[in-house]
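The first chain written gets the first letter, and so on, giving A, B, C, D, E and F; residue counts start at 1 in each chain.
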Amino acid sequence: MQELNARRQLEADLSELTRMLMRLSKMAEEALARSVWALKNQDVETARNVLDKDDALDQLTGRIDVECMNFVARFQPLGEDLRTVTSIMHMAVDLERIGDYGGNIARAAIELAGKELMKPLIDIPRMTATLSEMLEKAMSSLERREPALAREVFPLDDLVDDLEKQIMRELLLLMMERPQRIEQATLLLNVARTLERAGDHITNVAERVLYSLTGKVIRATDFRRPKER
Amino acid sequence: MKGNVQIRSQNVNLYYGPAKVLKDITFDIFDHTVTALIGPSGCGKSSWLRCLNRMNDYIAGARVEGEILIDEHDIYARDTDVIALRRNVGMVFQKPNPFPMSIYDNVAYGPRLHGVRSREQLDGIVERSLRGAALWTEVKDKLTSSGIGLSGGQQQRLCIARAIATEPKILLMDEPTSALDPMATARIEELVRDLKKNFTVVIVTHNMQQAARVSDFTAFFLLGELVEYEVTTKIFTAPDDKRTEDYITGRFG
Amino acid sequence: MNRRRAVNGFMTAILWASAAFLVLLLLAILIYVGVNGRQPLSWEFLTEPPRDSMTRGGISTPLVGTMQLVIVSMFFALPIGVVTGLYFAEYSRDGLFTKILRLAIRSLAGVPSVVFGLFGLSLFVVTLGFGSSLLSAGLTLGCLTLPLIVTASEQAFRAVPQDYRDASYALGATKWQTIVKVVLPAASSTVITGAILSIGRVAGETAPIIFTGAAFYAPDIAKSLFDEVMALPYHIMVLATAGVNIEATRPIQYATVLVLLALVLGVSSVGVVMRRRLRRSGR
Amino acid sequence: MKNEGLPSILVAAVSSLGIFIMLFILYFLVTEGIPVLREASLQKILLEKAWYPTETPPALGMSALIVGSFSVTLLSSLLAIPLSLLVAIFISDVAPSFLRDILKPVLELLSFLPSIVLGFLGMVVLAPWLQERFELLSGLNLLNASILLGIMSVPIIASLAEEALSSVPGELRDASYALGATRWETIRRVVIPWARPGILSACLLGVMRSLGETMVVLMAAGGAAIIPESVFDPVRPLTSTIAAEMGETPVGSTHYHALFFAGLILFFMTLAINMLSAWIESKGSVIRS
Amino acid sequence: MQELNARRQLEADLSELTRMLMRLSKMAEEALARSVWALKNQDVETARNVLDKDDALDQLTGRIDVECMNFVARFQPLGEDLRTVTSIMHMAVDLERIGDYGGNIARAAIELAGKELMKPLIDIPRMTATLSEMLEKAMSSLERREPALAREVFPLDDLVDDLEKQIMRELLLLMMERPQRIEQATLLLNVARTLERAGDHITNVAERVLYSLTGKVIRATDFRRPKER
Amino acid sequence: MKGNVQIRSQNVNLYYGPAKVLKDITFDIFDHTVTALIGPSGCGKSSWLRCLNRMNDYIAGARVEGEILIDEHDIYARDTDVIALRRNVGMVFQKPNPFPMSIYDNVAYGPRLHGVRSREQLDGIVERSLRGAALWTEVKDKLTSSGIGLSGGQQQRLCIARAIATEPKILLMDEPTSALDPMATARIEELVRDLKKNFTVVIVTHNMQQAARVSDFTAFFLLGELVEYEVTTKIFTAPDDKRTEDYITGRFG
């Protein structure tokens, strides 16, 4: 007890940082989920709501960034603490980006609202569900300090990539069938592509979690199929 | 965070003989906050701190101009009772300096001076003060043994207990951890953060990380001037004044 | 609150008063001696021997005798004292020998000077057969001052930082090389200061030499170690208590006291000033 | 590494001379002093008053001499210690710094004042004044010697006590002031308690010096081997007895041995005080560290 | 001179970090420029070359990251130094991402190579040129410690956005005209979108430069037209 | 970076009387590198360092087991000339400790011990050593003034000059900056990085940031054992051993 005393404040601050990051992650996940829901259900209200919340997300990211700098200024961290705080800085950026994607998709949802959908959206929500799962895995890995959980993220990203490919092929076909669909289709294409990107960012997050926990630089590519050129 | 103003320093100049050591120091310190004073050696941090409880009175040739108001009362006014002032403004020094008496007597020293005689009352004060300084559990079974026998960190906490035994509103600390090892330092820092519940704390420190860790506000002194007084976070990541920036990045000092 | 203030003021006044009292008292003594002793003082007084049963003439023989005693005692005490100090500082381990030696030196410092006289009488004068002589008296004074020199030089050696020794060893020096080249030079000024201070003490001592070598009257300056010598302090006593015409020689007595005072305080003040300098620079 | 042994043996050998001197002092005091016990029992020597060592048979009672030593020492200490301590406190805690810078070296210097000078002044200045003022037969008496001894020991006690007082860390004083104590409260409750061992040992060393002082008492105490009944009675302490009589005593006579025995008594008395002060010092340093 | 001495090593290390960042920036810029050139000139060789260099880019990013951590471990930076080193960490991520985009475009170039282009590429190279200019402005702002330069980046990003919009409109029209173009058009759409994103990243870099130089959090949005929803 | 092995410590055990202070220390130090030794107080860093020039010989009861090879020669072998060894292995101490002699004599002390008498030769050595310690320009006009008159940082550089005047191959430094202010510390650190051109430097430090700044390799000692020995960067950002991680993150010590 006496021994750990010197680190009490440091650890309190570090968990506070982690908590902020979790909150950010929750917000990003929600933005993604709700915007896709809005897209699917053509709900402008929800889409606007996502856009309104984007500011809060940006602000939280800014705060995390400043608090990380503060943490460095206060504790001169080394080793695991240093890895963790720098990782948090990085992860915050990735998460913010994911939140932004939520905004982008919400905009798409608003554009699409009221227009008849050319097909029922099935794969896109599936992608989103997978992304949520990835994000949760990565975050609980960080929270519970269990590297194994973060590793499970990588194969899931392959799944997301597959889904995107599939959607793309499908949409291309649909477009070619009826050029009137082109506008809507490119929009959806974009959404799919965006979700694929979100997957990439979550993969980055997972890599960071692993680095902060183990000190090893782990590249997701080691855990998944080689990317075709 | 900003509450009421507890200490108001207005155009304070301090001279040691002909040398002007503090120049026009004007700023307000809020109650129930920790304020850190930083700056290179000799910039006048300790001097300003010692103005607050008039410890400079004992230095031959020291002369204060301007006003220092504590709770809106000018402490350099004619009618100020210095002894009452010091009771109201506790001080903790750089090197732990417990008196060579028992732990109990150390803490009871101040109250006794000020006329507390009853044993029960003193017992109460001693326990409360030691608890307040996070030392009670460690020493409660050896209150009669000498304060000198404690470890450095414990000694410093004893000094804090002694200072808060007279129930001051303000606690001044002049580099209270510079003679301590990192572990003891961490405990004192934790205590300082805790003390602001009941006191207004002003702490001089050379360790910028320490200032960043414990304080809410930070004042940067340079060559007897107050250069910048700001929320601590801002001072250490993005100060407004170029000189502050230069100091915290080690361009001088 | 007011009572506390009153007590404080009262005590402060008492403290000032006692310091003033002491200063005035001592000043009065010095001035009194100065005023009374100034008149017969002249160059001749210092360079001529006493004449006419010491009722006339100067004090050259006791003055030189005192110096001779100082020299003999220092010749004896300085080397031994410094080496003993060196032993304590450099060689001693916490053994029995060291303990006994420490005890001996400390006790020696407390032995009354008249007892040193007894010791000198029985060892040097009687047992060793030096007789009542410059040598016996000088050696007695040497023994008296030995603890002073030991303590001073031990402190001087201890004040030499251990770092110097480590640095010297690390450069490949032996212990003796280290002592000679580093420790001794570093401690020398402090040792010398200690020696000067003990000269001040030796020059004023009377009791140890009364029966070991000081002469009531000697016609001449001692030519050999085995001659008796006159010494200023003893000379004063003789003039004041056993002279031919005590009342008439009062001016001479005062002048002699003045010379002794000047000599002792002069030498000591050099030592005191040097010591303060060293202490200040050491800090 | 080589030849390290030789110097160390030499140094130890030379150093042991200190032990030898001490042993010799003891040896001679004992061998020259003990023979007197053939003439008179220890009891007689310590308890009888009559001191006529040159009569036949000699009266060797030293109690008057011993009481003389004690009384002079006691009275002088009563005079000197309070003044010394006040002065020491003044210098360490009250004097402005320029005064302190003057007083400290002056005090140190005055502890070198040769005792013969004081003895002389006692004889030629103080004694006539006392005689006149109090209409005495002689001004050479217990009071005279005590005053002079007092003057002699004030600088010694004061400068040692001052050292003890000023070694009290300034932070302790600051702490007390910061708690609202006045200066006198600080001195009485913090400074003096901290310096107490040092002050005590300073006083003891002063007493030891007074006890062993010879010339002042030789010249100013009057020299009568009686037990004093008032401060105006003359006394003849052990030291002055030795100094005054040894000169005319034939080596090996009973008187000679008696004087050595007096020296032995003196030796043990001072040794006892010395050891006491050493003990106090060591205890003090243990408390502080 | 004596005074600056305590900082000599720190400043040397910091400039070394900055130099590494400049190198990364150069590599990213090149990847972008060369891949677009390859796209325009249908040069598979150059495109492959870009892909080959991607690894070096990733590695350099990793090294910068580790060196930044080292810097923190060594100098316990505060104030400007702290802002600079954390900004470098962030900028490296942005630049790496831009490099990745180069790879993406190179892949597109390889896919398109040999097929006839449906229209000569004019606006896409213009976008790239603007991006290069932006990147160079941001970097020299950092190097010369002149905040004014970095501020010039923001309006340029508006230009990039405009170009992208224009390309999109154009391509949509072309697609609708002839559905056979859809595949190629979506690819080009993607390229344009990617370049727009690169613009965003460069804007981030400029923001970071400003923050590290001035300590003020500057949002690009304050310097450009409000985004339409 | 790894060059030739200069110091080889093989199963070194050190006893002070009955207490085993170093346990089975085995590792190699490469020439022309700076190696930092870190670890909590009392873990044996200084003790191991002092084995390298046999300064432990002077401690009663100290006993070394195992082998220490310097340039493949066992320095605890019977035929080792300790004085020659110390000439070959310079040492710089915690507190700057120039001898109380002139700057010149300080530097010339070692060479003179080892028999250099000619004035010219000494002049050359003194200049070269002072240059090597980055002190020449500051003192070249006052070589005859006392070494004590220099500032703390200059004194420490003088000590370095004195140590390299005997032309050692190895330079041992036991917390050489712990008594210096930040500015002087920075200069010494710069110098240390510079010294590896000509020497193999082994430096004990309590300041982990310092170890990170100056050293190529870092060895972490704990309770007399060598826990981890690695490239410095790795030790401070991602050490392999849990105990190292705990130490550098302040979980104990």
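Following the convention adopted for this analysis, contacts are C-beta pairs under 8 Å (C-beta built on N, C-alpha and C of every residue); 3 or more make two chains touch, one makes a residue touch a chain.
Worth saying up front: this structure is predicted, and the values here are computed from it rather than measured.
Separation of chain B from chain E in touch steps, taking the shortest path, is 1.
Distance from chain F peaks, on a Cα-centroid basis, for D. Each chain gets a centre from the mean of its Cα atoms; for chain B and chain D, those two points are 48 Å apart. The distance from the centre of chain B to the centre of chain F, each centre being the mean of the chain's C-alpha atoms, comes to 41 Å. In this assembly, the C-alpha centroid of chain D lies 92 Å from the C-alpha centroid of chain E. Multi-chain contact residues of chain D (touching two or more other chains) are listed as 1, 182, 185. Multi-chain contact residues, meaning those touching two or more other chains, occur in chain A at positions 6-7, 69, 73, 76-78, 82-83.
Of all residues in chain B, those touching 2 or more other chains are 83-84, 182, 208-209, 236-237, 250, listed in ascending order.
If you check the complex, the residues on chain A that touch chain E are 51, 62, 65, 68-69, 72-73, 76-78, 82-83, 86, 89-90, 93, 107, 110, 172, 175-176, 179-180, 182-183, 186, 189-190, 193, 217, 229. Residues 2, 5-9, 66, 69-70, 73-76 of chain A are the ones that touch chain B when the two sit in their complex. By the touch rule above, chain F contacts chain C in their complex via residues 53, 55, 58, 60, 82-84, 86-87, 90-91, 93, 95, 97, 99-101, 109-110, 113-114, 159, 162-163, 166. Taken in their complex, chain B has these residues touching chain A: 182-183, 186-187, 189-190, 193, 208-209, 212-213, 233, 236-237.
Within the complex formed with chain F, the chain C residues making contact are 93, 161, 163-164, 166-174, 177, 181-182, 185-186.
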